[in-house]
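Alright, structures below, take your time with them.
You will see chain A twice below: alongside chain B first, and alongside chain C after that.
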Partner chain A sequence: MNMRAEIQRTPAEAAIVDAFGERLSLLPGDGAIMVKRDDAIEQIKAGLPTRRVESWHYTDLRRLLASVPAFDASAEAKAIAPLLEGSTLLSIVNGVSSATPDLEGVSFQRLGDKLVDGSYAPALVTYGSDDAVGALNTAFVADGYFVDIEAGTQLEKPIELQNIQAGGQSHVRLPVRVGAGSKAIIVERQTGEGVGLVSSVSQLLLGDDAEVLWLIVQDQPETATHLAQFKAELGKNARLTLFVMNAGGKLVRQEVIVKANGEGADFKLRGVNLLAGDSHVDVTMVLDHAVPHTTSTEVVRNVVTGRAKGVFQGRINVHQIAQKTDARMACNTLLLSDDGEFSTKPELEIFADDVACGHGATVTEIDRNHLFYLMARGVDEKTARGLLVRAFLAEVIEELEDETVVDPLEELLGNWFATHG
Partner chain B sequence: MPAVQETIEQVRKIDVDQYKYGFETEIETEKAPKGLNEDIIRFISNKKNEPEWMLEWRLEAFRRWLTLEEPTWARVDYPKIDFQDIYYYAAPKNQSGPKSLDEVDPEILKVYEKLGIPLREQEILAGVQKEAAPVGDLSEDEPGDNVYKSGRVAVDAVFDSISVVTTFKEELAKAGVMFCSISEAIREHPELIKKYLGSVVPTSDNYYATLNSAVFTDGSFVFVPKGVRCPMELSTYFRINEKNTGQFERTLIIAEEGAYVSYLEGCTAPQRDENQLHAAVVELVALDDAEIKYSTVQNWYPGDAQGKGGIYNFVTKRGDCRGDRSKISWTQVETGSAITWKYPSCILRGDDSRGEFYSIAVSNGYQQIDSGTKMIHLGKNTSSRIISKGIAAGNSQNTYRGQVSAHRKATNARNFTQCDSLLIGNQCGAHTVPYIEAKNATAQFEHEATTSKISDDQKFYVMQRGIPEEEAIALIVNGFVKEVIQELPMEFAVEAQKLIGISLEGSVG
Partner chain C sequence: MLEIKNLHARIAESGTEIIRGLNLTVKAGEVAAIMGPNGSGKSTLSYILAGRDDYEVTEGDILYNGESILEMDPAERAAKGLFLAFQYPMEIPGVATMEFLKVAMNSQRKARGEEPLKVPEFIKRVKDAAGTLEMDFNMLKRPVNVGFSGGEKKRAEILQMKLLEPKLCVLDETDSGLDIDALKIVSDGVNALRSPDRAIIVITHYQRLLDHIVPDTVHVLYKGQVIKSGDKSLALELEENGYAGIIEEAA
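For the complex of A and B:
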């Protein structure tokens, strides 16, 4: 029928398709859910995206995903302490959620239950033929948490959604609904050990005037493949700050898909990507300004060492009616090794005339003048470099202001430098 | 402020029908049968008296083309082109390579006269004695009064499929510069053609470049030998006249060690309801210490106000900084064509070589532009600079697509990119798609892009001083593109400024 159908499946593609056949009877949900799963696996059967697919230009998934580990029922992992003190912890261990806690103004549900009763079917969507992460997740998703924060709830303590595994495969979804006028801090923790394949899809619906700080902290082992998607829709005057830290993984794709659907909505993306060894880390953002008077700023900072390859793609779409949009995007990279690579594609797609949009991208090594300044004051080169790199990243973290958030993140940063610096 | 006054005058003068080169001339032509197959290629090759190896080269390209698929990644939208519905060769009759101007059909000479391109050397010489008009002083603002009248420029005039005449050949030859049509070069200088043709844009490069390699009909050839600074500006003027013909020109410019050449390209076509295809290939080669400056004012027919007709401009332009310390600079002003698909690029192969790209792309009506550049850093200490200004008005779509890459061995590669877009009206779109790829830690890349509309404050400031809205916009736009205009040869700068005024006419409100 088409060319792609005739293409020989790669071992990874074959493994995924075979695994689907084997797991079918174990996957929760039937009827509508099953239809969605079937559609999704058909999409995978047509082939994983290659660099010829524009949104995967720098991450040839078909080539990079060399093998896929089998599902491992015997893998043992344990939930770890939450990142932020006093958090309400909801952990998913090896792809399985646990009993839900009680919290005033918030209702938690295990996603597995919502798959079994079919009530989650309408939300199980992929957004296009190039949505390989969504398709893989839709086909295999078995659990996760559904979090519903009532309107007008001001959460004092953060909620941590922890996804931890020890090898094998794990496919989870984390839908979160935040009611009008509510305020919350949510931590999405992605970690584990062993050779794993993880797919995770977060869906955030932000009501009018709601305010959320969402932290994604990914420090998978150097052997793991982590394919993640964060989708959010913002209501009127809603404010979302998304902070993404990638500090691990072998093959990582973090997609961020945000729609500013209500006037006055504001979106901030702050990213810190720490790349070492042979890792390939891709952060891809698609941001839609769909209505007038919305604002966004994105600042992504990357440090590349070893033979790592980093990618940042950011696309800002300004719809025709979205007048008075103010969007700024910056991607700065320190390329610290000769074998490292960084590619970036910051796109603007603008259909409204009364807007102010801009993007900037830089790729450099450490400024020699800065280095000289420190070394002239008796700081040795290694320390001076370390200081400058830390300062380069700290700028993004410190912007979060809240000490209870900033301190643990800086500690993570310190840990990374202790092992990779 | 003469420049301001000039813009205002220009904008005022233009009537509803803005394209002034849209006339059509009845000239008896000889055409190859419609369609494309190996026989047509043999026909073209035969018409050009080409040697056997050239025909083989073409046929190989054609066979390869048959296996390729039309690219769809560009942000342009058009009905599928029927490649069998095009004439691939159209030449004025009795025009098998004229020896002198007297042999050229007087009708053709009239066309160029109308366009303001003088083909008689004495005329041009007369122009030299006339004081060169300073920028902005355009008292004799007759249609077609442009660069070619005010200075001494050698012109290669290409009419549909063939080069009708090349001026100043003898004087250039004295300096050692070869300037002739590519067909002539294939016959007269096969060793140079064999060495350089297809060495920058291989026949397998892309769909349209491969098609061009198979069916190219004419274009210019420039060879500037070692140490020679070309004594005058060289220029090619392309004119599509015939209906349903495609123009496939091929230009090859070689600057040997230490040579310098500045080259201008201009183009127009009649106003027609159907679309016409123009798929050119331009190859530049700069050896050690050489410099090539290539300027284009692209003014193909853009189609009417409803988006009917116009030229499809699918062009592959690439410069190879093959030698150390060589430099290639592209400057382009894009105002015409229904669809533009064009990425003049620099391969910075030599150490310390430099590439530059300055572009103004103005789109109005239903025009679609997907244009930009590629700077491929391969050598050490290479640097590049990209300044791109896109202006979208009406219902047009204007995309900047550019790639900057540093390879592993390109230590100390530097790039600065700035691409700004200006939107006039709310039915148009401006897009920026840069690809930045660093594989070397010592590379230093900076990229900046902005999109905005003309701010009400700016407009108010100008209008408050008694300048009507449309003129105020023209003034601000000219300020916006100034950085690029400055890079153009002086006379061209004036023409470019005028063109921008013309293209934006009627876009206010």
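For the complex of A and C:
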């Protein structure tokens, strides 16, 4: 009856299923959590998604995930300095959190504790049969941080949630609740070294009138598989800017699932994807405008070198009652090598009749006119190309305006070009 | 300083020949005007001098200080002192004008084996140059030419020229898009650069620019050749009678 069940498992699928059997006794959680884990592993057993699954069309996970490393308890990872100066740092090394700091207006909890006592069970949900990242994470998640920012808290310093892997597997969750009227900058840092498989799920609950700038900075080594999900729900007049920078990894999927649930909510996605070598980097967004008078803009800029492949899927669902939605999406790619690839798939599903929605995508090379102009002023070709590529990306970064955020991001950009330019 | 010998050039993509046996000599200290009807090859000549690869030189040579520049890319030519003020300056989003000026100046200095400029010295030079051109310094914090009016773009070109201190300046229709006041400011800027060791080539349709930048020589370009050369009175004659007489005479 079920065709999928009869499919021969790939080595990666077999390794995941076997690892679950071996890890089961070590995974934290009460009965309710364990039921969720069982359901999740059943989903994996049915097979990882292939290109025949619409949302995975350009990232055939079953084919691309060639192998899965074993858990490695001896892997040594070290926390690194936070990206933004003065940040409150919460690090997870090799999948394990550490003691939480004190910060006024904020309570931190180690997620492992919330799994053990079962209080996290209701939040362990996948969002459909194609949610392979959610399923993998639900099956294995062992730790992370739960961050609760009280209503009316204006955080002066950023919070950095740092996930450092050192090979093997790590599966973490980063749930963050931001109370009404609060304001915060949150950095999600995903990096490490070695042949790792990382799954990471961030869940942001943004209260009414709250404002958050969330930065995801991923620069895994070119041997790592990074499967990540960022989910957010926006209350009334809440404002979220999500900035995603992918600057590493071999196989990367970053899902962004946002629901604008309160009137007046505004969501901005800004993305910079730097692709080199043999990497495959996929950013997939599903955005729901669920109520009237919400706005969103997405600007994703990609640079593709080497034999890298990139994907951006942007799906915007405008619900029937969501009149006066204003949604704009743009994806621009600079293809710098003949062997690189980038696939863009915008999807607008609009059920309301009084909305303004638009999308645009471009794939180009460096503008020859711009190059000539710079060279005619004495700038050598290599420098001129570098300047133009960085300008293309810097436009998105500089839009963040805050110097304390822009400068470190531009430095990361500079580092990437120093290695890959 | 500049010697163009029997130059033939065509558009690389289509093979259309634009420059057909052009000869021109410009000496150090000279201001040469190149005039000619639309489509005579004036702008093409400026691009070929700057090294744009949309054009292919099929015959002849361009000597700059006795050395052929045909094999040099645009950056090498610029570092040797060649400057083209564009008819349509490019807008480059994301590159701040100040950053661009700094990179350009220091690239040329580096190519000549000089130390990069210190930041305060760099800023002082830009401020001084912008002041004489009556440009708002804050404008230079914006991306290169983005949101500049036509006149502002032309001023920005002259600003770059002042800062880069080239030896051979080619001004491609710098007067187009300028009102009378701006024309005066820009012309003054160019005149201030006149010097015995610098040559300036002014490409223009109209006499009015030459009232401000008075040329030593005037050359008429038609169908990719210089068909007549003379002194500044030639420009006045053209203004009066148009190109038809000279074209007939040359035919």
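What we mean here is this: the second predicted complex is superposed on the first by the 421 of 421 C-alpha atoms of A that agree within 3 Å, B and C clash if a C-alpha of one lies under 4 Å from a C-alpha of the other, contacts with A are read in each partner's own complex, and residues count from 1 in each chain.
The criterion applied here is as follows: contacts are C-beta pairs under 8 Å (C-beta built on N, C-alpha and C of every residue); 3 or more make two chains touch, one makes a residue touch a chain.
What you are looking at is a predicted structure, and each value in this text was computed from that prediction instead of being measured.
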- Put the two structures on top of each other at chain A: do chain B and chain C fit, or clash? fit
- Return first, second, both or neither, reflecting whether A:G340 touches chain B, chain C, both chains, or no partner chain. first
- Which chain makes contact with more of the residues of chain A, chain B or else chain C? B
- Task: Figure out whether A:D380 sits in contact with chain B (first) or chain C (second), or with both, or with neither.
- Result: second
- Should A:Q8 be classified as contacting the first partner (chain B), the second (chain C), both, or neither? neither
- Message: Applying the document's definition of touch, where does A:S74 land relative to chain B and chain C: first, second, both, or neither?
- Response: neither
- Shortest span in Å between Cα atoms of chain B and of chain C, once chain A is used as the common reference: 12
- Item | For the chain A and chain B complex, residues of the former touching the latter | 54, 57-58, 320, 323, 333, 335-338, 340-365
- Query: Which residues of chain A touch chain C in their complex?
  - Reply: 369-370, 372-381, 383-384, 387-388, 390-395, 398
- Sort out for me which residues of chain C touch chain A in the complex. 50-53, 73-75, 77-79, 83-84, 86, 89-90, 92-95, 99-100, 103-104, 107-108, 111, 143, 160, 164
- Item | chain B - residues contacting chain A, complex | 73, 408, 421, 423-453
